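Reading through the structure tokens given below for one structure.
A, B and C label the chains in the order they appear, each numbered from 1.
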């Protein structure tokens, strides 16, 4: 039970991280119509800058400065590069971000090397935030702050710690969600963004200083990605392939949630985050199920390769299965109003 | 005599706004109907409903005896209806010749074939050639559609609509944005090319309307206020009230 | 009036096709005599394979306006199926002659396109791009899961030297493989060009330009995209099958994102709005993977920067740059422009040299400085820890940029005084 709870919490924290990424991507797409292929590259940049800055000045300054720096970089990219191809249409915009992803990957490998860098969380984030202790599925569950003592975990008791880094991730993400919500619903800029989420052309014709808003949105979006990068990089691993792994899942999230919908992105992030995290822990396969239910054709069920596949082995493809199914059944996504 | 195009109780709602509030219309074969009305009356929406761009919220539309409401645009076209657009809607990256040739392909039965060469399809090429000459665009056959002048684009827009030799034609403000002389020339062209076809035309220019139309349908607030011959419509009190002098002014020019 | 030969504006019918096909055949015939080494012939073979792959990709990108991030799925799955056919050809029972293996790839590529393409082409634009991305990731992830079919990390290997050797052709030598690939390539290029001259080919262009209008002239845009997808899948599969014969091994990277990205990158660089563009792109793809990667460690960076620059300044790719050159050179008053053109060209070359020098210095500094060896660049040795090479590189770059500014301004001034060029095909 406690294992399930911890798994669920892990999944939720990963989902919230995905939301930090997909929120920025959704904002950029909604305002500017450009799907930023390099969004995960900014995530990676955030992680690497966070690593360098935290080695210099500590984790908290890095947490603030890295996103700011990357956001400025993003705004600069928008102003001097993206804007130039805006006139050519959406495909060239997508292509230029695609090219940027290539370039960023190369530069990161050039500056920091091709293997993972040891970006460790600070001392106060190491260890568990709390630990769930249970004697089994039916005895009382109780939890302690921090790590459980040796004694408490002996015998039939099971101790499941919940890492502090994950808790921190959830905390930052929730703060971000709330501030974003407040910004969008209570400020003028937020109103403009809300309008642009569903009617970008109308917003432009209303005379808002569109170029400046674009730059702002791109900067904020990439800054959010970088913030996610600092946290994700210190919690998981900081290496050149981190952009590719998290990038495609982010695209799945925004499509499943519905292009242009922040609420949809939130829902889809949590859904995909939890499902993928929890699937990794389940070692059951379709043939196990077949056998348990006593269905006919046991022999072939036991040997067929795709039936022997456990859920944990299939975990990497689950988001993409979601994507394909969603696009077949409901192309708008969960809550989308536009098809892009 | 069954009408070629029949609308019965057609409604269209967008969210909370009802743009078309119950339109009944019967158009007979060979008639030329002009649809006029103030801005926002729903003229373009009506065309969109007939041609299949949107489905009506309510009501039925019949084309040549067959029900077409709710069908997709390609299906409606195949049943014998072609439309032009108010804002030019061409294949910008293709030449004038190719634009026209694409429009003749389905009606000549070529379907989605990838085993015939275009250059060997005499019927398609002949029809395209004839259309080019009728439109007076022969000298621009290899020009990309996006590089044409506005009037030439409108002519090409018309051409793409006419390529299929459809029975029923919907022309949405064909002379929009044209000068006086261009309009006169263009209207003569339309009259010539669409001889024998059933024509529905949205127009703002009253001169054009009176010159070309057999019947006028006045659309106000999503309803047909009057559907009659031009002279009758001119006399209609309601229409006069809605249009306040526009008809009189046109009559003055026309006389 | 023969409408089959419009001369200027339509990029897909620039010249009578048979002339070019003959030229291509002649080139293919002569090439192995000029480039005799097995290595050079291997490169030529790879170029042929890449040409078919990039042309099949351009059916989607340039002709149909469909941005696909997962083309490697079709080339790769075609390759896997072809490999299975090659492996089973050795064992008893039915067997496919080695020379027909590429067709197996083609048919299977087409089959996958029929199944996967239906879902993919229901949408267009960004959504379609996202579906292709998802499909590509799905297939790649599956390739690591189903080791029976995909052969796991080591992949699958086969032997093309098997079965009866007809007329002494056993495909042992690279020249024989080259000959087979060349024939397939020639036929595929011809067929794909022929496709552009059919109704479906034009309808595909129409779908790219204005899908909605197409539906109002009686065609379903979805259907056009789907059919084009299937055709593209066939040729993609043929390319995969050819690769199986040449490399005799297939690993998971053939369905990977990097491969799909390479198709996109090089087709775009070659020029997606001209039929011959992907051919240029394919040459670039093979040469940069085989040669450029040997010359410099920074080759991926160069490609990325080149790509970004192309998107910004020449979105029509190399082909459109070629056409642009042709157009101004053939103008009557072109002689006035030559000085400025040469000036611009040399300045750009100088600037590129400066930039490349700086990048090479930086790469060497990062990767090799601990070892202490100097950088070998342009036949000289440069010590990366000294300021002199850096300053020199910066100076050259600045010189090039200044020259560019000057000559470009002169060019613009002269250009404006000349008669405006006739409007024609846009890049």
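As a working rule, contacts are C-beta pairs under 8 Å (C-beta built on N, C-alpha and C of every residue); 3 or more make two chains touch, one makes a residue touch a chain.
Just so it is clear, the model here is predicted, and its values are computed rather than measured.
Among the remaining chains, not one touches chain A and also chain C.
Ranked by separation of Cα centres from chain A, the top chain is B.
The central chain of the assembly on a C-alpha centroid basis is C.
We define each chain's centre as the mean of its Cα atoms; on that basis chain A and chain C are separated by 33 Å. Measuring from the averaged C-alpha position of chain B to that of chain C gives a distance of 44 Å.
Distance from the chain A centre to the chain B centre is 50 Å, each centre being the mean of its Cα atoms.
Residue positions of chain A in touch with at least two other chains are not found. Taken in their complex, chain C has these residues touching chain B: 1-4, 6-10, 194-195, 197-203, 205-206, 208-210, 212-220, 223-224, 227, 231, 273, 423-426.
Of all the residues in chain C, the ones that touch chain A in their complex are 65, 67, 119, 122-123, 125-127, 129-131, 133-135, 137-138, 141-142, 144-149, 257, 261, 264-265, 268, 298, 300-301, 303-305, 307-308, 311-312, 315, 362-363, 366.
Across the interface of their complex, chain C is touched by residues 51, 72-74, 77-78, 82-83, 85, 89-95, 97-98, 101-103, 105-107, 110-119, 121, 125, 128-129, 141-144, 146-147, 160, 163-164 of chain B.
Per the touch definition, chain A reaches chain C in the complex via residues 35, 81, 84-85, 88, 90-92, 94-96, 98-100, 102-103, 105-107, 110-111, 244, 248, 251-252, 255, 259, 305-306, 309, 313-314, 316-317, 320-321, 323-324, 327-328, 331, 339-340.
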